[in-house]
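Structure first, commentary second.
Lettered A, B, C, D and E in written order, each chain numbered from 1.
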Amino acid sequence: MDKHMSLDEVIAGLQAKYPEQLEVVEDSLQPAVRVKSDILLKVMQELKEEYGLDFLADLTAVDLGDEGFRAINHVMSWKPYRMLRVEVDVPKNRPRVPSLTDLWAAANVQEREAFDMFGIIYEGHPKLTRILLSDNFEGYPLRKDFKITSRRK
Amino acid sequence: MVSPLVFWIVAGITIIAALAVVNLTNLIHSALWLIVAFVGVAITYLILEAEFLAAVQIIVYAGAIAILIVFGVMLTRRGDIRESNLFNNYRLAGGLISLGLMATIVTMVVKTQWAIDVAAVPANSVGLLAQNLLGQFVIPFEIAAMLLLVALVGAIIIAKEVRD
Amino acid sequence: MVTLNHYLILAAILFCIGFYGAVAKKNAVAVLMGIELMLNSVNINLVAFNRFLNPGEMTGHIFALMVIVVAAAEVAVGLALILNIYRQRLTTDVNDLDWLKW
Amino acid sequence: MENLFVNISGALRGWFTGMGLPPMAVEAIMALVFLVAILAFVLLNVVYLVYLERKLSAYMQQRLGPNRVGPRGLFQTLLDVLKLFGKEDIIPNAADRWVFRLAAILVMVPAIMAFAVVPFGQGMIAVDLNIGIFYFVAVSSTATIAFLMAGWGSNNKWALLGGMRTVAQMVSYELPMVLSLLGVVMLAGSLRISDIMAAQKTVWFVVLQPVAFLIYLVASTAELNRQPFDLPEGEQELTAGPFTEYSGMRYALFFLAEYTNMIAVSAIAATLFLGGPQGPWLPSWLWFVIKVYVMIGIYMWFRWTFPRIRMDHLLAFNWKFLVPLSLANVLVTGIGLEIYKWFQTIRW
Amino acid sequence: MSLADDKFLRTEELTLNMGPQHPSTHGVYRAILTLDGEYIKGMENVIGYLHRGMEKLAEARTYPQFIPYPDRLDYAAGMLNELGYVQAVEKLMGIEVPERAEYIRIIMAELQRMASHMVMLGSYALDLGGYTPWMYFFRDREKILDLFEMASGARMTPCYMRIGGVAEDLPPEFLPQLRKFMDSMPASFEEYDNIVTGNEIFIARTKGVGVLPVEKLLSYGVTGPNLRAAGVDYDLRKVAPYGIYDRFEFDVPVYENGDCFDRFVIRIAEMKQSLRILEQAIKDLPEGPIKAKVPRVIKPPKGEVYHQIEGSKGVLGYYVVSDETNKPYRLHIHGPSFINLGALPDMCMDLTLQDVIATIASIDFILGEVDR
């Protein structure tokens, strides 16, 4: 497969392969797809190995409030410069996503950070512990329902 | 001639240090007391007007002691360093034997009549030593050099990491 | 007045202390220390004999030098052996060194 | 001017003898006087060496350096010493107390003892031993133990690592240093300092033994634990090596010892290679001080120029380069001496 | 246990806590080292001592109010961090920045890149025990900071960029001063070469130290000079020009070995390229407004954007999610130091303790950006 095809072709190819579990995010400033969490690993692996989007640019998450979380992954290739956002919706009561650490070592620290901040559990991560906050910190600060307890009494 | 007082002080310190070396249970402290004992011996050499030997004593043993301490630290980190230098089962027997040995030597020494020579030590003792070493005793000197070399090589080979 | 006997007795005491240490200690490094003490006492003897019996020649000194050389060689090899044994057995206790093959 | 200090000591000696003291007591008192004089010289110099070091580094780094306390910051070090006096003397709970305390004191002993054989001027050697230079070597070799004691006694892993490094470094660099001195001893035919000085009446040994001088320079820098060989201390790696846990005056003692050692090593270099206290026009002791300061300047220049060398490179450099080179130097010196003798025989 | 089944060498390992208080960890960073003698057998990063919850803070600040915060991320490269943030917001809102502001931004960004590199180069030399080079680098950095002070009033945390432009126009004495600085640099480069890169000890300590294969570097997501030193020609300024970088002529220095030495010299080479860009920017600097017309209350349309720029330490990314209020719904900062630090334990494996110091300094991380 051509590793330099344009993003539209990449998205089209992916959509053809996973018509059910993958949707293209409309009215987005940057190209984005939303996938179900069970095919995330497969999609990412294909993006990395077949479509040449082999650089994990960023990995984070967003709290959507009542709808749950959204795990955000940006993959890119340098030459030609392409960047694709892969989103995964995560239910609030069972925040689990497959870990990308087997594909990119870069995912290791970033998944730990997302776990630290949102409490999203990345399944298959070798050492999913708090990274920035102290080990005995309670709660996940970047969740919208996190209340900052006042330090002053 | 140096005052006898110096000898008594030095001898006392040396013996105390030697006892400390043997009796302390901390290997590092033993090694440090060993330095004191060696320096005491070096001063004894000085009293005996053997300056060169005194310097050799310090230079050889001080360096060796540092290495000994390093080994002590390296080899005992696993356990408690305060208990690193214990006695084995032969403590009593060893003590008795050495006491007996000492008694024997002391009686022998006291009983022997020495042919004391009261001549003074030659002024250029270092030069004389050098001439002797490289003249009359050149073969032992060379053998000692060889021995050192062999010991060096041997030590390196023994201590070298065993890889399979 | 300090005579030859004083030095000889000092050396004898040192020798016996060293012997005691070499025999009665568990740690191999300590055993080496005891041996060093013994060698030193021998050197005191040699130098004292040289000074009191034949001060005009340096024979005693040369013997003492040889002893120091041998002692240095002995320490080097001894420590290397201890190190290697420690690597194999994680102990420096001489009582544990009772196996006959490597 | 030339015999200023010799005359003072002679007058003192005469005065003590005149008091009716036995000769041995006079000797003892004179030894004490020499010790005090040496201590005074050393301490005074150390205070201003620290200042010099800071100023020199400032000039090399395009800064000003200390300039607040006193004219041009001259009293800066004095004030620093005062500050160190006022600091709390902390001994870690888990430290081996006596070893920890003793190390700071013992580190000064070899540094001061080495001065016994330093010729501060014509006829100004405290003790002109017949093993002079060998005495210096022997005494300075014991400095290792104090560092090791400090490193071990602190019960701190960084300190221990620093102590171990000290042993590896100082024991191995001892070798080329002694071997380089051997070249000089061979030329002079004596270990006695005054003989070595006398042998340099016409030609300094730095001319006859340039390789030995360079080896000595490198090896002594390593013995002093100064850049580029300051691995035992290595601020960026081991925080402060063996001195990590020290504070206040004990820490200052280590500093003092470092600078004292630097003066001693420079003094020996000046004596053995730069003709000692000999030179035209000026009094001999002034010449000596000038030469010592030239050597100290070189050490400081090294420090502010080089980055730190790596441990394995350090040892490899010693065993694979310096030691063989110094052995070769001894060999060449021996052959040269024989040829020189042979020339002299055929000339007659 | 019999001896037969345990034939290999047994040595003791020493666990050493390097940091959080250690002279060479560049702030409060801790590495748990497992040492075999002086060799590293295991290393674990412990970070978070400087965590200030910046991403959470952003959710309680309006868009312009957040501008000072990126300054405190990588405090050695404040201008670049701000640039990334304001460009991300501009991208979200679709704001066109006036020409003059674009050029001023380029000038500031490249000056900041040089200043940041100087911090790294100087402290690198210092970490290897060379005190004097450090002063040389900081002497030159001082000139840049003076320029920043002239333009923005602050030296390290300028808060100079604005959404839609820059805060103030350049003062009249800025350009002559900049000229003077640029003229002084060639001599400085020669000095750097003499005192650091030409030094035998420096070369011996850095050549071949801290190397990771390129695939691993890419897998770890390492970017910036650290990646280019290993022979990968990835520079966002060339690959995906943001702002007006496509108008300038410059090269991307690429080295081959990816060891500490290359990571050091590539930064000097990049400084030379920055000078080239500055040269062109000064020449073409147009007159005109310095700020686009932006609404008084900034409320970006609903949407999200991930914007990357080439920071001084690697690719700096901002992921901004807007919900049409005046505060970002979510702001994620992708700090290159954080990512590069992830690759450190692998780089340090089997090196000596001293090499670890050299490697830590060579990947040039700033804890403010790591912990956020």
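We adopt the following convention: contacts are C-beta pairs under 8 Å (C-beta built on N, C-alpha and C of every residue); 3 or more make two chains touch, one makes a residue touch a chain.
Small disclaimer: the values here were computed from a predicted structure and weren't measured.
A.B. asks: Chain by chain, through touching neighbours only, how many steps does the shortest route from chain D to chain E take?
C.D. replies: Tracing touching chains, the least step count from chain D to chain E comes to 1.
A.B. asks: Most remote chain relative to chain C, going by C-alpha centroids?
C.D. replies: When every chain centre is compared against chain C, the largest gap points to A.
A.B. asks: Can you tell me which chain is nearest the middle of the complex, judged by mean CA position?
C.D. replies: Central chain: D.
A.B. asks: Counting C-beta pairs in contact, does A-E beat B-D or the other way around?
C.D. replies: If we tally the contacting C-beta pairs, A-E comes out ahead.
A.B. asks: Distance-wise, how many Å sit between the C-alpha centres of chain A and chain E, to the nearest whole number?
C.D. replies: Result: the chain centres lie 25 Å from each other.
A.B. asks: Taking each chain's centre as the mean of its CA atoms, how far is chain B from chain D in angstrom?
C.D. replies: About 27 Å separates the centre of chain B from that of chain D.
A.B. asks: Could you please state the distance in Å, as a whole number, between where the Cα atoms of chain A are centred and where those of chain D are centred?
C.D. replies: Averaging C-alpha atoms per chain gives centres 64 Å apart.
A.B. asks: Once you find the CA centre of chain A and the CA centre of chain B, what distance in Å lies between them?
C.D. replies: Result: the chain centres lie 71 Å from each other.
A.B. asks: Show the residues in chain C shared as contacts by 2 or more other chains, in ascending order.
C.D. replies: As it turns out, chain C has residues touching two or more other chains at 87, 90.
A.B. asks: Return the residues of chain E touching two or more other chains; collapse runs of consecutive numbers into ranges.
C.D. replies: Residues 9, 14 of chain E each touch two or more of the other chains.
A.B. asks: Identify all positions of chain A at which a residue touches two or more other chains, and write them in rising order.
C.D. replies: none
A.B. asks: Spell out the part of chain B that touches chain C in their complex, as residue ranges.
C.D. replies: 4, 7, 11, 14-15, 18-19, 21-22, 27, 30-31, 34, 37-38, 41, 44-45, 47-50, 52-53, 56-57, 60-61, 64, 67-68, 71-72, 74-76, 78, 84-91, 93-95, 97-99, 101-102, 105-106, 109-110, 114-117, 119-122, 125, 128-129, 132-133, 137, 140, 144, 147-148, 150-152, 154-156, 158-159, 161-162
A.B. asks: Where on chain E does chain A make contact in their complex?
C.D. replies: Answer in residue numbers: 47-48, 51, 53, 55-56, 91-92, 216, 218-221, 234, 239-240, 303-306, 308, 315, 317, 319, 321, 329-330, 332, 334, 338-339, 341-343, 346, 371-372.
A.B. asks: Inside the complex, what are the residues of chain B that reach chain D?
C.D. replies: That would be residues 3, 26, 28-29, 32, 35, 51-52, 54-56, 58-59, 62-63, 65-67, 69-70, 73, 123-127 of chain B.
A.B. asks: Under the touch definition given earlier, write down the residues of chain D that touch chain B in their complex.
C.D. replies: That would be residues 24, 96, 99, 129-131, 134-135, 137-139, 141-142, 144-145, 148-149, 152, 160, 164, 167, 171, 174, 190-191 of chain D.
A.B. asks: Give the list of chain E residues in touch with chain D in this complex.
C.D. replies: 14, 16, 22-24, 38, 125-133, 135-136, 139, 195-196, 199, 201-202, 204-205, 352-355, 357
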